[in-house]
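Multiple structures follow.
Look at the two complexes coming up: chain A is in both, with chain B in one and chain C in the other.
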Partner chain A sequence: MAIYSFWIFDKHCNCIFDREWTLKSNHASGTINSKLNEDTAKLLYGMVFSLRSISQKLAGQGPHNEIRTIATGKYRAHVLCTASGLWFILLSDLKRENLSEVLRYLYGEIYIKTVVHNWLSPIDFAESEAEKRGRGTRKIRNRNFLQRVEEFLGPMIN
Partner chain B sequence: MSASTSGTSAPAAASRKSLKAFSEDVWKNKTAKINAELFTLTYGSIVSQLCTDYERDFTRVNNQLYSMGYNIGVRLIEDFLARTALPRCDSLAKTSEVISKCAFKVFLNVTPQIGNWSSNKDSFSIFLEENPLSDFVELPMDAARELWYSNIVCGVLKGALEMVQMDCDVWFVSDVLKGDQLTEVRVKLNRILKDEIPAGED
Partner chain C sequence: MAIQTILVINKSGGLVYQRDFSASAPRLSSNEYLVLAGTLQGVVAIASQITPKSLQITRKTGSKSGSDANHSSQLVPYVGALGSSAVPAQELGSFMGPDYFNEAFTSWNTTGLKHVTTDQNSLFLYQTLTGVKFVAVSSQSATSTMAVSIAENLLRKAYCLYVDYVMKNPFYEPEMPIKCELFDKRLGELVAQL
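Take a look at the complex of A and B:
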């Protein structure tokens, strides 16, 4: 069982946090908020965006139909979309069937407590029109946030 | 590639009763409680300080309370969504229900009545029978004319609704502190904001 990476997108279609682990044996390995991941982030966003709109179209007039997981031959993506437009995405191996509790914890206990309740941190990471619609590059850099994400997800990577 | 989806992630179903029970549960089990009087007095001291700072120019005090509320609202909505896991509302009627039964319940432990719908269903009123912000408060003569004591509430609603893509105007219509019969907050939906899509996709 392994977790490969963790991503947060904001409502401006920007990736505001990414964390990728490269070595199963080493919790500290890999990249945080890496420039090299910009293209991957865009592709991941596009994949979720498309499947999300398909699932919502197919649901018709009924209750909301949010995408939860997307499985490919090699990995599974777990998705949490909030009403405020944030997307939390975890990539894991195929053995992990349901990480929605983990995503809810990342949102409710880590993001809320260290970013939203932290008045010195912005909650809107696009500062101008030019940084909206997927063109922004600002990231969450709060020390507490980074530390708590490591503490929480680190033990799950292998 | 295979994909799986879910219905509403929250147990809150369409019926009125379950939303009420659901909010009750969130308030009981997922919300830390504080002394209401401490809250009332803290708010009182903010308003009183603003009145002093702005030399009793109550229009400016109203505006300042509104913008403080806005800044609170844009953050509070995330807290609210994390606690309740509610999806977006598909109608303003549903929104009004969530505001009165869920949001006011969770944050202030009151359940105001909703009413006074406009004929085209784009605006409604919230009747605050009990208002924890204005317990113990009596407005002095000069303030009674212009000051909307609890104006921060309007700002909070404005900010929070904007974050779920609803552009609304929110204002006080009447306040028992001013000698009116009821405390009434009016919410008017201007438009539903569009979700952004990445540049070059449209």
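Take a look at the complex of A and C:
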């Protein structure tokens, strides 16, 4: 299996989308926006946040030093941080070395076109002060977005 | 691959050794390096917690072939003499032969953090069975498996130096910062070969 899961976090530290595949033989297996993944989402957010702060400390004179991949003994996480504070994270196996193009496509061609350009979808997923600082549970439930993510990432999971 | 910094972190997450090797290395205060080491220790623990579900499923129902494939993936290939100038045999402390070791070795770090790349740097982590972690910061952003195995070989050699010149020093207190001239000198030579 090449891709294990896909996550989006917003600037309020909330997980606004998660998709996890469990069986490599079945594109439709796994969970979408599952409540069971809340704890994992927090751990993943914390890991990327810590490593981002390390990379910003290590940056030399260059303008910025964003994190790209995080590899462990079992899997590799690919990260795309946008200027608006969104984080796109893909977990893949160790054979995939660089998925930044895939993440760019997910952001530029799918997220922008089906969520940002959609008047019926909220721009900011935290509606009140109580939903900021990582306490919100709102997710992207846009039909077009879900469908296009499945179409794009489905063939890559095995 | 230019190595900027090498850090040694003890099993409780404290920084015991830090050295910069290039002028381009970031100028951080010793306090900032301590925080960095503690953060890395935390991330290593977190990274093993978020193993994807599909991997957990295949491990539970894993057949023999699956576990074999897993085992071979933990083997790090031996990368021959790093760099051009080979050091004479008597320079390797208590190790015989032309190099410290000459076979593939098992990586004890099976689920924890191993390798991080950013726009400018890459960070490699080698973990020992006793919990000591060796971290190398390189000034190139390399994702290839070759770079990872070169770094693991380099850090295992640094571990050999640690075993020889730190553990065999009667004045060294375990878990305390390393102040050993010979370790300093040999590590400098090792990185200069690269």
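We adopt the following convention: the second predicted complex is superposed on the first by the 155 of 158 C-alpha atoms of A that agree within 3 Å, B and C clash if a C-alpha of one lies under 4 Å from a C-alpha of the other, contacts with A are read in each partner's own complex, and residues count from 1 in each chain.
Just so we're on the same page, contacts are C-beta pairs under 8 Å (C-beta built on N, C-alpha and C of every residue); 3 or more make two chains touch, one makes a residue touch a chain.
A quick note: this is a predicted structure, and the numbers were derived from the prediction, not measured.
K.L.:
Could you say whether A:G85 touches chain B, chain C, both of them, or neither, answering first, second, both or neither?
P.N.:
First partner only.
K.L.:
Applying the document's definition of touch, where does A:L51 land relative to chain B and chain C: first, second, both, or neither?
P.N.:
After superposing on A, A:L51 lies in contact with both chain B and chain C.
K.L.:
Once the structures are superposed on A, label A:I67 by its partner contacts, choosing first (chain B), second (chain C), both or neither.
P.N.:
Both partners, chain B and chain C.
K.L.:
Of the partners chain B and chain C, which touch A:Y75 in the superposed model: first, second, both, neither?
P.N.:
A:Y75: touches chain C, not chain B.
K.L.:
When the two structures are overlaid on chain A, which partner does A:Y4 contact: first (chain B), second (chain C), both, or neither?
P.N.:
Only chain C is touched by A:Y4; chain B is not.
K.L.:
Given the touch rule stated above, what does A:R143 touch, chain B (first), chain C (second), both, or neither?
P.N.:
It touches nothing on chain B or chain C.
K.L.:
Touching A:K35, do we find chain B (first), chain C (second), both, or neither?
P.N.:
Neither partner.
K.L.:
Could you tell me which stretches of chain A are touched by chain B in one complex and by chain C in the other?
P.N.:
Common interface on chain A, chain B vs chain C: 46, 51, 55, 59, 62, 64-72.
K.L.:
Quick one: in the complex, what on chain C touches chain A?
P.N.:
Where chain C meets chain A, its residues are 24, 26, 28, 32, 36, 39-40, 42-43, 46-55, 57, 73-74, 107, 109-121, 123, 137, 141, 143-145, 148.
K.L.:
What part of chain A is in contact with chain C in the complex they form?
P.N.:
It comes out as residues 1, 4-5, 20-24, 30, 40, 43-44, 46-47, 50-51, 53-55, 57-60, 62, 64-75, 91, 94, 97-98.
K.L.:
For a test of understanding, state which residues of chain B touch chain A in their complex under the given definition.
P.N.:
1-9, 14, 74-75, 77-79, 81-83, 85-88, 90, 163-165, 195-199
K.L.:
Given the complex with chain B, which residues does chain A contribute to the contact?
P.N.:
It comes out as residues 11-13, 42, 45-46, 49, 51, 55, 59, 62-72, 82-86, 100, 104, 107-108, 111-112, 116-117, 119, 123-124, 132-135.
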